[in-house]
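This is the structure, below, for whatever I ask next.
All chains are identified by letter, namely A, B, C, D, E and F, in their written order; residue positions are counted from 1 within each chain.
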Amino acid sequence: MSVLKLGIPKGSLQEATVDLLARAGWKVTLSSRSYVPSIDDPEMECLLVRAQEMARYVESGALDAGITGHDWVVETRAEVVELAELIYAKQRLARVKWVLAVPQDSPIHEPRDLEGKVIATEVVGITKEYLAARGVNARVEFSWGATEVKVPQLADAIVEVTETGSSLRANRLRILDTVLESATVFIMNRKAFEDAAKREKAENLVLMLQGAISAATRVGLMLNVRREHLAEMLSVLPALKNPTISALSDSDWVAVNTIIEEAVVRQILPKLKAAKAQGIVEYPLNKIVL
Amino acid sequence: MSVLKLGIPKGSLQEATVDLLARAGWKVTLSSRSYVPSIDDPEMECLLVRAQEMARYVESGALDAGITGHDWVVETRAEVVELAELIYAKQRLARVKWVLAVPQDSPIHEPRDLEGKVIATEVVGITKEYLAARGVNARVEFSWGATEVKVPQLADAIVEVTETGSSLRANRLRILDTVLESATVFIMNRKAFEDAAKREKAENLVLMLQGAISAATRVGLMLNVRREHLAEMLSVLPALKNPTISALSDSDWVAVNTIIEEAVVRQILPKLKAAKAQGIVEYPLNKIVL
Amino acid sequence: MSVLKLGIPKGSLQEATVDLLARAGWKVTLSSRSYVPSIDDPEMECLLVRAQEMARYVESGALDAGITGHDWVVETRAEVVELAELIYAKQRLARVKWVLAVPQDSPIHEPRDLEGKVIATEVVGITKEYLAARGVNARVEFSWGATEVKVPQLADAIVEVTETGSSLRANRLRILDTVLESATVFIMNRKAFEDAAKREKAENLVLMLQGAISAATRVGLMLNVRREHLAEMLSVLPALKNPTISALSDSDWVAVNTIIEEAVVRQILPKLKAAKAQGIVEYPLNKIVL
Amino acid sequence: MSVLKLGIPKGSLQEATVDLLARAGWKVTLSSRSYVPSIDDPEMECLLVRAQEMARYVESGALDAGITGHDWVVETRAEVVELAELIYAKQRLARVKWVLAVPQDSPIHEPRDLEGKVIATEVVGITKEYLAARGVNARVEFSWGATEVKVPQLADAIVEVTETGSSLRANRLRILDTVLESATVFIMNRKAFEDAAKREKAENLVLMLQGAISAATRVGLMLNVRREHLAEMLSVLPALKNPTISALSDSDWVAVNTIIEEAVVRQILPKLKAAKAQGIVEYPLNKIVL
Amino acid sequence: MSVLKLGIPKGSLQEATVDLLARAGWKVTLSSRSYVPSIDDPEMECLLVRAQEMARYVESGALDAGITGHDWVVETRAEVVELAELIYAKQRLARVKWVLAVPQDSPIHEPRDLEGKVIATEVVGITKEYLAARGVNARVEFSWGATEVKVPQLADAIVEVTETGSSLRANRLRILDTVLESATVFIMNRKAFEDAAKREKAENLVLMLQGAISAATRVGLMLNVRREHLAEMLSVLPALKNPTISALSDSDWVAVNTIIEEAVVRQILPKLKAAKAQGIVEYPLNKIVL
Amino acid sequence: MSVLKLGIPKGSLQEATVDLLARAGWKVTLSSRSYVPSIDDPEMECLLVRAQEMARYVESGALDAGITGHDWVVETRAEVVELAELIYAKQRLARVKWVLAVPQDSPIHEPRDLEGKVIATEVVGITKEYLAARGVNARVEFSWGATEVKVPQLADAIVEVTETGSSLRANRLRILDTVLESATVFIMNRKAFEDAAKREKAENLVLMLQGAISAATRVGLMLNVRREHLAEMLSVLPALKNPTISALSDSDWVAVNTIIEEAVVRQILPKLKAAKAQGIVEYPLNKIVL
């Protein structure tokens, strides 16, 4: 039996990833006594690995696959296959940006003002490449953390990751430029990717992860409507997927069952009611594969 | 774009209200750094305001709408529109009573025995009105909290809020009378109520809140039954709403899908089984608009 | 009105039992001030009783029914009716084993090596019976807890309960034999069992408990499929229950709704997609009575 | 036996007060089941009372004595005896100020700019008196809390309590004026004060409370010094109290034992060493009565 | 090197015992991974053992010494040496009583009313002996815990341990009689007691434990007084130990240093001040060996 | 006024350092809103800086002084002045070792076996230097944390920090060699060190820190002894410092006051008692400057 060695990102993404795997159908059990989580699938083995080091170890073959940020694939220049993005829209696993930022009252206003300055960042490689592409010479120092409080005392600028920019604003920083956009990615080792069994396993895993991600922001909607009002009612529904329309015992009525974005329910539901839908019921979903 | 300024009650109702808004479709984010919560709807702004002060600020127009107790509308004599009651049946946002209570062994047995006594309460206005209507003269003192422990050392009687009376009994108090019944209400400023856009926004918000409240105590029930047993089976179902009956491929059978109170499932389900229903499945709901 | 006096196991099973009752439809409220929980059913009364003592008090009639381990029924030799097993598959309320265990490097390799030795256990009766049946004479000492750390300093062997054996392995113990298998059981007093009203109440309670247990490891699956692919698609579904197949407005398509084990979804779902199922949606369940 | 009924302030001062009483020698035990704390002294009884209501109940004689803020004595215009201030210098029980504050960018710059404006405050009486003394007419509204976030949306200015002003600055408020300075005070009922037994009990309690307060910010210092260097060494010591100088067996040396402010140790100790003190030892104290 | 094997009571006494050992000078480190605590003394080894089982294992020689309750020595009829009582006066390690108790409204009023009744208790042996001495026949059932809530539903009376009786009163129980008084004791195996090295080690340990216990309720008091007031001042001091009186440089004054019960400081200190003591300082102690 | 800019190590040393500063006499207040702690000394400013980066920023002059590990001074090759070691003996701030370790069953037995292997470590520079000195070529990879679980899957050996080796043993690692010993050090920028005011400030700070460290493991001991037993009694006391011997009123007796290591009290105290010391009292200390 082929076994897929999967790296799970240790640290800030860990809990969200274990939770996502659970919703996808795999139970990962972390033990305080060991750093090797157990997983309830004989075809898989897990290892907790820092997101920063994931691509390096997937590249070397120590792992067949891993979940990490695209940014760290770029920073470590690892040669791996990015199988899929995993955009989990609620707060975690989401898209992030690495931005170049300076204090609000800094005299630095564009990248070239950084000439001869000190920049603190966790992504030294990405930052150097960014500067090189713009012909700027600056000293890039590796930062062990809390980078956003290093300016202006310890550095002139920083390159730091942010989701919404709120932490940067709270530290009174001004964003000059976006250095790199990144998202959580599912990566594979090149050799493992060419192994049919491992590739199928990985693709099924990604299918289930995306099914769970997809369900997390969507809900099911059931309602009844008279046939004569069906068309009007359907015109209100967003076109995510054709709704399932089924016959009822009372042939004047049909039942409609569909999937919509949770975020638009508050707009759609009053309109459905206005369009004479009855018995409108919203219910939660676990997974969606359209 | 019209923006609805909504007051969210700070304190004991806060968490339940934010949770209810989330289930209704609005994500309110409280920050430890600020008392102005953010909400994921550009057509709304929120402010955390004490339930006691809500009606006052809705009346003055500082807020367009707010969620508070009917009791505080009465106490502050604020001129506002009560758009809807929000009776959330599980422990919070529920109906409450302000009761007149005395120690179990007090010589006071009816309101007129209060003549010349000291009454401690948070609702000084309501209490004075209650006494005036009965022609009783008593000193009503404002209580800053922990009112139920003030008798008999610090006061002769209290007017205090209670849901089930258990806290009063635990403090060995005897209830003499109900002074006011109250429930959580959604209130609007009179002017905002006449503004068509704000009114529609508020009414849609109330529709969604009530949809979420309604779903919290109900569940969906699906089952299959042979056509010949359908009538018997239906006689067992409570008449909350007509069930949806749909044809199955096997024309001897029909599928029944309905919504019932969660609290009666334990009584209905054994009867449904006795009435030859098969494949009975209960599933959770997010919102119901019948 | 007949009232069923139910014993709820205090201690390690307590939270899982209260949670299970909640999912079955009964809300049990524990109070820090009292050991008599309240229950929202006038036909029932609850008492928190140690699992070890439950069978004794059900036998004596102090309780009509109780939830406890089969092991303690055996240990206390109580004459009670075991109405049903309650196998709750996720970690708690599950099957357990009482095993005879010794330190990994112990010279004891089979039960007869225990001749003249000291055995520590919480189940003195069961252990003595086990030894008697094998003609072994050993001193069996009652252990107040932490039995697995008593060897080798304080005892030569132990008889201890285990679900997966992992705690025993962590303490470097070797399992010699299984002394008794046990599961959580619903027991009734013999007289109460012959009382029609109490028996029906208990049986309905068990029906609902098992409905909730059954739902905890299963999910609902809805999908649409063209009639021409229906047979192929159905061949992929496990045969837990016949799926509900219903007609859609578009007569080329049918909707399929079924219940499957959550644990197999990750295997089935890719196959369903391969078999041309569309709009596959997995949703959570509260109760199942097939 | 005479019994002193003492009010302990419930809420923000409660823990610090109970802790101070413990250090003074009285163990107050709060029970979650009752609001009447027990105290290990048959000559005293305690009652938890809100600081805001304390003076009112000490005035009425429901309590003989109480610990509260001077501000609430003023606000309630209670006729009581202020026996002593209890200035506990570390963060709690300390001096506070009620200040008049407006948003940083408010057009209000001095009290008279408040004419016709709305002021929110917990101390309505004090605020009205302040305004009256300055001939300003403004609407003073009672605030149930979170007063500092009421401007500018809900009020034009506030009168709020502050220790260091940091919370006000964090809310971007500008302080216009100090309305009242306040400190924690020990108050007595006038009649109780004239009762010799109660007065002595209260004075001894205050002596012990001040002994504990005094010790909280001071330490003991012991050192040895040659007689010839004694004068130089003593010139370095602050003159809080004459140090105890005792003879040693070796008559060339003396031992010095003294009490100094903990806050100055870091300045004094290097100087003592420079002045040839030896064996310098700082030790903690429980109580000081000089 | 001789090693003393010491049993530390697991459970309710554990934390207080480890804390007491720390104050006595031994650091015991509990590991979540192991039940064998480490101790920073090569001449000792520790084992966590239930108080109920301690005497049994000290008797058998599995342990050389242990800390447990006198009650469990009696209950298990273990032949051990009780080296010392360890009366730790603050809440734990204190004296306790096993009492016979019934519900407040029980018809049982004296031991002989128990004839033919059911008694639940953790100390079956002690209870049987108590009944036998009074010629009463009753069924004594072993209780696994929560004994005080077993009456009246599950038993007619209980024998339960109590410090202050408050838990019994809270459960509305009436105490009929004291069955056994008990305190924490330091016990030794008879053979180990005859081993000079182990005995000396144990005695030194007890000396230090008692030194720490003694210091926990006492404080040091230093003061200065004029020689002429010395006698008067000394007459106020309790006679726990002769105070140390030392000469000061200023020969008119003497310094007094003494140890007194913390509980009497609040009475003594005002009297000392009245007796013209100056610079009174109370300071904390770690250990006292008078 | 000269201001000393002090770096406080963020992370694992942070709490211990803030606590040590408090005991030394400086109150550092961390705010969740800011990374610049406040300190109650106008002659100092603080900044939270990672231990790994401290030496770099002290070298550059961004900080005048800092507390960090000697290891990071070496790793970053920073040119700074190491003013003092701060060996805080209880668990933190203590001496540590960076060790070369491999799995217990690894074929690697000495440094030269590492030829061509992969070593994971946080101290890449120190490790490379260590290998170079031994002529070994190996790939040294920067590890972002959890280094000890990287072998054998992700690396062949590690260089990791350890205090007692217990974490390494728990991960079944074998220590091959010590690469570097390290302790917490107080470092200064070279220029700041030559500034008389800053240097004096730093030296006084170090004096106080060491005074607090010194007191943490020592206690005061007071006792009385008859003159005739003084010599014998003194022979038992360890020679840390000459004890202070003072005359008592009763000239047959002397009082002895001394400082000893807390760890030896349990050995010394029984001997002192045997040597006829009386009224032996151990008391806690805050600071010691001998």
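Following the convention adopted for this analysis, contacts are C-beta pairs under 8 Å (C-beta built on N, C-alpha and C of every residue); 3 or more make two chains touch, one makes a residue touch a chain.
Predicted model only: the values in this text are computed from it and were never measured.
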{"item": "Repeated interface matching D-F, over half of the contact pairs identical, chosen among D-E, A-F or B-D", "value": "D-E"}
{"item": "B-D or A-B, whichever has more C-beta pairs in contact", "value": "A-B"}
{"item": "Distance between the centres, which are taken as Cα means, of chain D and chain C, whole angstrom", "value": "59"}
{"item": "Chain E and chain F: spacing of chain centres that average the CA atoms, whole Å", "value": "38"}
{"item": "Separation of chain C from chain E, taking each centre as the mean of its C-alpha atoms, in whole Å", "value": "42"}
{"item": "In chain A, residues with contacts to at least two other chains", "value": "33, 246-247, 283-284"}
{"item": "Residues of chain A touching chain F in the complex", "value": "10, 33-36, 47-50, 52-53, 56-57, 62, 141, 143-146, 149, 153-154"}
{"item": "Interface residues, chain E side, partner chain D - complex", "value": "170, 219, 222, 224, 246-250, 255, 262-263, 265-266, 269-270, 272-273, 278-284"}
{"item": "In the complex, chain E residues that touch chain F", "value": "24-26, 33, 40-41, 204, 207-208, 211, 215, 220, 241-242, 244-247, 254, 257, 259, 283-290"}
